[in-house]
Each structure stands twice: as C-alpha cells, then as structure tokens.
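Letters A, B, C, D, E and F mark the chains as written, and numbering starts fresh at 1 in each.
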Amino acid sequence: MTLTVEKLACIRGERQLFCNLSFRLAAGEALLLRGPNGSGKSSLLRILAGFLKPARGGIAWDGAAADDDTEAYSERLHYLGHQDAVKPQLSAEDNLLFWARLLGHDVAEAQAKVEDALTSCGLTRQRRLPGRYLSAGQKRRLALARFLITPASLWLLDEPTNALDAAAVEWFGGVLQKHRESGGLVILASHVPVPLPGARVLDLPEGKLS
Amino acid sequence: MHALANPARFLRLMAAIRPYAAAVAIIGLVVGLGWGLLISPRDYQQGETVRIMYIHVPSAWMAMFIYAAIAVSSAVALIWRHPVAELVAKASAPVGAAFTLICLVTGSLWGKPMWGTWWVWDARLTSMLILFFLYLGYIALWEAFDDPSRAGRAAAILALVGAVNLPIIKFSVDWWNTLHQPASVLTLEGPKIHPDILWPLLITAVGAQGYYVWILSLRVRAEILNRQARILRFSAAADRRAG
Amino acid sequence: MSAFFGIVMRDLRLGFGAQGAMMTTLLFFVLAVSLFPLGVGPEPEVLARIASGVIWVAALLAAMLSLDRLFATDMEDGTLDLLAQAPLPLGLVALAKTLAHWLTTGLPLAVIAPLLAVLMQMEGDAIPVLLLALLLGTPSLSLIGAIGAALTLGARRGAVLVPLITLPLVIPVLIFGVGAVDAAAYGLSAQPHLLLLGAFFAGAAALSPFAMAGAIKLALE
Amino acid sequence: MYWSSLGDFLAMGGHAGFVWPSFALALVVLLGLGWSSRIAMKAAEREHAEAKREARADA
Amino acid sequence: MSAFFGIVMRDLRLGFGAQGAMMTTLLFFVLAVSLFPLGVGPEPEVLARIASGVIWVAALLAAMLSLDRLFATDMEDGTLDLLAQAPLPLGLVALAKTLAHWLTTGLPLAVIAPLLAVLMQMEGDAIPVLLLALLLGTPSLSLIGAIGAALTLGARRGAVLVPLITLPLVIPVLIFGVGAVDAAAYGLSAQPHLLLLGAFFAGAAALSPFAMAGAIKLALE
Amino acid sequence: MTLTVEKLACIRGERQLFCNLSFRLAAGEALLLRGPNGSGKSSLLRILAGFLKPARGGIAWDGAAADDDTEAYSERLHYLGHQDAVKPQLSAEDNLLFWARLLGHDVAEAQAKVEDALTSCGLTRQRRLPGRYLSAGQKRRLALARFLITPASLWLLDEPTNALDAAAVEWFGGVLQKHRESGGLVILASHVPVPLPGARVLDLPEGKLS
C-alpha cells in the first residue's frame, strides 16, 4: 500500500497554485498539509480524491496509475471536505445509516456499524435529533463517524478538527492512530495542531517536504 | 383567559365538557337527521333529494365556522403567545377538513339529479374547493416542521392570512351568478324557509357543533400530552448528559 | 432608502446571474400559453374565448416557479441573519427582495403577455387592459407568494409546499384579472375589476411586510 | 310519519342512489374521524406515561 | 443494487419528510388544474377542449417546480462529493435520484389525473389513454429535467442557457402527450403518439445517465 | 457602554441548555465562551444577537433593556455565525460593497471603506474573484472584513478563527485589539486559542465565570 504522487501541478482560474509536487506515502504514514489561505491545500486534496484533474503529473496507487481505474481508486479512500454532508432533515442515526447502506452493507450489518460509530463519536444521546438541530461540533463528529463505518486505505481530511471540542479532538486522534496502526494512510490539511504524531509535513505552495 | 392558558386546567375543562358535548352531538345528529329523513316533507321542486340538505348545509356551515375558529385562536396564539390556543387551532383543522369534504361530496351527489352534472366550476362550489385546499395547506404546513413551536406560529400566520377567503365563500353567490342557490337561513332578514325544514336543519347543526367540541376535546388532549411527553424526553436527555 | 435599493439590486444580479430565474419564468410562461393553440387546435373563436384565462393562469403558475427559494438561499448561507441585523426593518428587507422578484418575473411576464394575446386571437381592445391588469395583479402574486416562501423557511419542504399554501390565497387576483380582460373584450368597462385588483394589491402590500417579517424572525430562532 | 312503507323510505322517491350515499359518507367520515381521534388520544396518553416513567427512572 | 435503492429511499424520505409531501405534490397538481376552469369559465364544451392541454401543462409544471433543486442541495452541503465517491457509478447515483423524483411527482400525478379529467369533462374514452400517456411521458420529464438540473450545477457564467436547452427538449413530450389524448377523444388511434412517447422515454433513459454524470463531475471540480 | 446579562436561561428543542447566566461587560472588555460541543455557545451568541428569545432573564445595554428597542440594540452590534454569508455569485468586492450600502454608506464612501477592508484582510488580489472560488480561509477573511466597514460597539463572534491561517489569525488579533482600545466589547466562542489577551472566560454549560 503506497501512494505515489509525481510532479503534480494544479491550475485554478488560470493561476498556477503549485507545481512539481512529488511525494511517496507508505502504509501507516501520515502527511500533514500546511500553508497560508489559498495556497492550494483543499485543491490538492480534491485532486487526490479524484474530483479535480491535475494540470500535469500523476497519482499512482501501488504503482498503478489512478486514472487507469478511477472506480477502484476512489473505493480505496474516504474524503471529508470543508462541508459536513449532514442532511438537516434526517436524524443523526439515519444520516449514518444512509452512508452505511450506500457503502454496501446490508440492513443488520449497517445497524450494528452505525451503532458502534455513534457510540464512538459520542452522539448516542443525539441519535434521534434531526441534523439541523445538531451544533456545529456535533455535525462535524457525525461527518467523522462516517469514516468508521467501512475501512478504506487512504483518508483525506480537510481541516477536520474545526469546531471540535478538546474531548472530540482527542477521540479523533485515537481514531487516526488506530487507522495508521492497521496500515492506513492519512493526508490531512490543517491550520491548527492536530493529533498526528510522526507525520511528515508538506508546506504549500512551495511543496517543501519535511 | 389566563385560566385557560394553563394546559393542565384546560385539560380538566375539556374533560368536564366532553360528556355533554358527546350527548349534544349524538342527540342532535340522531334527532335532526331522523326528523329530516322520517318526518319532514319532500320539496315540491327537488323531491326527496332535498333530504341531502340536512347533511350538506350543516357541514357547509361547520366548514366555514371551524375555519373562523382556527383564525381566531391563531390570532390569540400570536398576540398572547398562548400555547393552548395554537393547539386548539391545530386540533380543529382535521374536523374542518372533514366537514368540507362532506359538503363537497354531498353537494356533488345532490348536483347530479338537480343540475344534471356532478360538478360545475361556479363560484360557490369552487370557493368551497379552495377552502378545502386551505385546510390541507394548513395541515401540511404543521406537518412540515420538526419543531412544534415553529410550526405553530408559521401555521398561525397562514391561518390569519387565509381568513381573507371566508367572506369570499360566503358572498360568492351574491357576487357572481351561479347555479347554486343563495343563502336563505343565514341572512340579515332572518330565515326564509318553512319551519318543517328549518327545525331539523337547526337541530342537526347544533348536533354538528357538539360533535366538533367533542372531537376537539379528544384531539387537544392528544396534542397537549404529546407536547409534554416531548418536553420530558428532551429534558431527560439533557439531565443525563449534564450528569 | 439606499439600503433598500441595495438589496433590490443585489437580488436582481443574483437572479439574473447564475440561476437564470427570469429566463426560466418567461420561457415557462410562453411555453405554457403556446401549448394551448397546439392542444386545442387553431380555431380562432375557441382560442379567443380562453385567451384571458390561459394567460392569467400561466402567469400565476410561472410566478410560483421561482418563489420557493426567495429567502431559502439567504437563510442557508447565513445572509438572512445579517439582513435581519441591518438598520433596515426586516419587513422592508423582505419587501425589497419581493420587489426584485417581481422585477424578474412579474414585469417581464406582463410585458410579453400582449404578444401572446395576439397569438391567442384576443380582441384588440382587450390587450391594453390585459397589460394593465397584469401590471396591477402580478405584484400581488409576488407579495403573497413571498409570504408563503417566508413561512416555509426551514420546513421539510415537499417542493410544492409554497404553491400549495399560497395558490388558494391568490385566486381573487385570477378572478378579477380575467374579469377585467373579459369585460373589455365584451365592450364593457373593465374599471371595477381593475379597481378591485388595485385594492387587493394595496391590501397585500400593507399586510405582507408584517407577515413576512414575523415568519422570517420565526425561522431565525 | 311521512313515509307509508319501508320500501318507500328506502327508495327515496327514486333518488336512493344519491340520498343514501350522502348519509353513508357523512356517517363514515364522522365516525372515522372520531375513531382516529380516540386512537390518537390513547396513543398520546401511553406516550406521555412512558416519558414520565423514563424521566422518573432517570432521576 | 442495495446502494441504488438506498439512494432512492433516502431521497423519498427527504422529499416526503412527514407522511404528507406526496400529498402536497398531488394537491398542487389538482390546484393547478382547477385554476383553469376558474380562469376560463365553467362551460363544459370549452373545458373538454382544453382538458388535455391543461393537464399536461400542470404535469410539466409540477415536475419543473421540484427539479431545479434535485442536485443543488446535495452539492451545497457536500453530500454530492461523497456520492461521487460511492461504489456506485455516478450515472446510476443520478438515475436513482431521478427515479425518486419521478416516484414523488410523476407517478402520483399520473394516477390522479383521470379524476381531474372527469372534473374537466373530458371524453370518457380518452381517459385511459391519458393515464397511459402520462405514465409514459412523465419519466421523460424527470430525466430531461434532471439533466438540466445537473448542468445548472456546473454552469459557470452562461447559466441562462440551461433552461433554454431543457425546456425545448421537453416540448415533444407535451406535443405527443396532448396528441395522444386528443386523438383518443376524436375517436382516432392514439397508438402512434404513444409509441413516440415510449421511444422518447427510451432515448432519454439511455442517454441521461451519461449526461448527468458528466455534468456532475464538471460541477465537482 | 456596558452590557448586562442577568439570569439568562436558554431552552432549545424543549430542553434547557443553561440557566441563571449572569455577567457584566464594560467598555474594552472581552468575554471568551468555552465549553464542549453542544453546550450552548452558539445559542448564547444568538440570544445576545437578538435572534433567539431567552426562556428567562434579560439583556440590558447601558441599563436599558434590549427588548425595549430591539432596533437600536441590533444596530449596536456585529454578528458572525458559523456561516460566512458570502454570496457565491458575487465577487469578493461586490459582497462587501453590498454590506456597505446596506449599512447606509453612500456609493463613494462605500467604495473607500471596502477598499480599506479588502486591503486589511489581504484579499486585494482576489477582489474580482466570485465568492464560490474563494478558499475556506479567504471566505472567512471576507466575512470578518465586514466588521471593519462600520463601527459597532458589540462584536459577537462564533469560532471566528476556523479555517484562518496563522497570518490571518494575527491580523484578526490586531483588529480585535484595536476594537477594544476604542472602547468596543467582544464576546467570542472558540475551541482553539484566540488572540484575546486579558479576556474573561465563561465556561458553559455551568456558566462559571473566571
């Protein structure tokens, strides 16, 4: 399980955000994206998630180019952007259930997974509350709980700790730790310190790796 | 007024009234309709179909009366922030919609032998159809919110705005020429019809009022209890979390 | 005042810019009306007979097309919070948005209606009356529809909730509007109908700021 | 009494097909609404009692 | 498959909310149709002539009213990102959403249309044809409208083009639909019209998943 | 200029979030709201902004109850919630211009104010970019720039530094400092450290002041 990114360049609105970006991430490794506002962190994550075509360069998973089989590639990853994707009309539980079913679990399995995820993220009390009544941090927890339902090798996270309180950040650190121990990869953009010990750091827009 | 604002006291009042309302409803409807069916004479023009009137006309009155009641209690709910008034309005809507439906269908059944058609798009009939839609829109708006206090006030505003339609229904017959006959009971000059027809009609109407109060007392009780159960559930969740 | 027109201008730009609301509404209107010669057949008497009714109903329905998002987008992205805090009373804010809605739907619709009326073989004398009646009537549609849009903010909306609760309320506009045109077509005076339309408009304009402000405040809680 | 026989009564002067459905519909709608209101009230009473019991159990 | 129906079920629940939202669509449809007799006047012959046109226009409207937000809400709250990542091909995701849309608008509407046809004094023979034509035609409305909704998401500046493209595309549905009903009313065979409607539907169903997937991918860039 | 909050209680969805909350804030003072997710920070801010009616208790400005003249009260404050209120179709500049005009400035004045605000928040290069193309942090800067257009005595801020980079946080600290020096009040909710030296801290849901 290795992700190889080679000579990536991103152009948005006719302006080049970064170019010649290369790195390699092996099983259990984590990469922290840093950089000022507008330096292209979210854009890089969206390229890695397959939403955005890079201007130049390529991405490969275990040596196979992502473009060759986009479906297989996108099944390998979980993505969380600036938005929480929590439906205001559905209860916390039903929100998660929908994702569990979509990811291919049958009803009983989905129920069990959702139960565990809700307990883990600390929303058991709010399980029947419609999404619109959740506080900003509760919504964020729910969005993160989605990652617990099905394993995926590569996690792409855009400022995941926004709106989370200290307890939730700690919980999230544990989740990341477990994911990496089981061989998962993490790429995470953040302006604030995140519980990601031993992560390599990529500074945008220069693309300096450290 | 303030005595009624207290839900517990209102519940007790409703419980006290309920048996009397039920008695009025049953006696009024049985006597009125029985009289209308068995004793009162046929109409020299309309024949036996005139007996449909004993259902049609009281339901038409109730349909309009209940909408007015909803509008009034909505105003009370908005001005005095009166929680029970809101629930009275909510509980009335299905009753009003039911009477409107009865009026429409019986009118339609009456129209076929009298006018030779089930339905015409004249002012009176159409405005009654619109009243039916107003009821359904009002009910739909209540259902559309998760938060009952929000739903209540939004629906109250709608009910007040919709009250504009009532005079249009009432006076539609005078404003546009229509197949439907103009009012002969509820007029400024007083009733203009034969007492043998008038009496059973009035008794049925009183029975229908009793029925309304009876159902209202059941539904308001359900609404208040549901609301209180919700409060209990939510505050229990809060206590557990804090503790 | 400058704040009021600031909102109108912004909404006009938002309306024209991305959503193309005006284009959709106009197209729908033209399409709905021109369907009838196709469906009913080209006989001039039949067309002339139904022209005023068809044009009015199409106008009514077209106005509803764009209404249900009138306040919703502003609410979802937090703009409505700030508008409610502005030095302008909330009723006027809502009125400004309603005015922008009318300028993008009611007005173009009224302007194009005479053309459709000719297409529908309407009596020549009736056409100016149609224009006048639409100019008087469509603002009421926008005003009452806006109340519905404000009331359903934050509701679990079946997409047609707004028209469902507002259409019954605007039926008098339809009746007086058609009445005015038909009176003119039969050579009678359209004035009483037009006066009633005007009175309805005045009533709606006086009432709706309060209803809208109340409804929006509820939604922001 | 206005009617001379039961058959007369049921025939409604040839308009049975209109008169009786009217009465039947009214009966069905009114009884149905009363019945469903009663069910709703019973359900609310149960719900309320249960919520109360849970709240007391928590305290 | 379970993923596909998961999307359908979720969209149905979002659309229905409480029990009542399918009712809302139906009521809107009934309301829209009953506006026409109000505007045109009660004469049965006139109503019978315009009945098919009226019912089709109302059907088109009910579809359009709900369509423009088909993908937009999912896009704004980030759900569309995740749907695009799901194990299901994006075209099928979009198709599932379209199916949910048709189940909440087209289907109930087709089912209730015969009742309205009776109120509008439509010829008895034409009524089964109306039902069949609506069942064949409304899916096309949903499919083509959904392409438009997806295109609006990605449209940068010239968003005004979108309604310009989609509305003309559904005109054939209206024309064949009205044609089928009118043919039956005049005692002619409705079959050619129905076949055309069916062919149109098949084409739309085959084409639209690709168009929708393409348009959505554009919007997610 | 003092804000007095007395015995405030908040009920949401028929459950009590906090009660008996009292504090007093004088000119130049700042209050930092802290507490776990769902403890009612945002709700308190919305009460203070006048959107939400408190279940009990009252708010007074210089001794005059806020309820007595809600318009005068709301003119005295700026509020920023979890959302940025940036219109995706309008350019950064036009977004600000709209608010400037709404707050009563005439065209020339508004132009000048917007110019200054854009320079201050560092978005001069992005001024013509439509809101939808701005990065998360750029949107947030734009939302904060709105505060610079017209002075207001009371600033209510809900997690304002979410998505801001280090430079922007520093800039924002300076803005807050200046506001307080000129006698302004600040009430701010946040899970992460904010540049608000000498602020008093209110811990929710207990309402303990320190």
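Basically, a residue touches a chain if its C-beta (ideal position, glycine included) is under 8 Å from a C-beta of that chain, and two chains touch if they have at least 3 such contacts.
Please read these numbers as outputs of a predicted model, since none were measured by experiment.
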Any idea if chain A and chain F meet via the same residues, over half in common, or different ones?
same
Looking at CA centres, what chain is most distant from chain E?
F
If you average the CA coordinates per chain, which chain's centre is most distant from that of chain B?
A
In terms of C-beta pairs in contact, which of C-F and B-D ranks higher?
B-D
Could you please state the distance in Å, as a whole number, between where the Cα atoms of chain D are centred and where those of chain E are centred?
38
Return the distance between the CA-based centres of chain B and chain E, expressed in whole Å.
36
Round to the nearest whole Å and give the separation of the Cα centres of chain C and chain D.
42
Would you please write down the residue numbers of chain B that are in contact with two or more other chains?
133, 136-137, 140, 144, 146-147, 230, 235, 237, 240
Going by residue number, chain A touches two or more other chains at 82, 89, 132-133
Counting only residues that touch at least two other chains, what does the list for chain D look like?
none
Can you tell me which positions in chain B touch chain C when the two form their complex?
78, 130, 133-134, 136-138, 140-141, 144-146, 150, 153-154, 157-158, 160-162, 164-165, 168
Please name which positions on chain C make contact with chain E in the complex.
16-20, 23-24, 27-28, 31-32, 35-36, 38-41, 46, 49-50, 52-54, 56-58, 60-61, 64-65, 68-69, 76, 155-161, 163-164, 167-168, 171, 174-175, 178
Help me check something: in the complex, which residues belonging to chain E touch chain B?
17-21, 23-24, 27, 31, 34, 37-38, 41-42, 44, 47, 118-119
List the residues on chain A that touch chain B in their complex, please.
89, 125, 130, 132-133
Report the residues of chain A in contact with chain F in the complex, numbered from low to high.
12-13, 35-38, 42, 82, 126, 129, 133-138, 140-141, 158-159, 162-169, 191-192
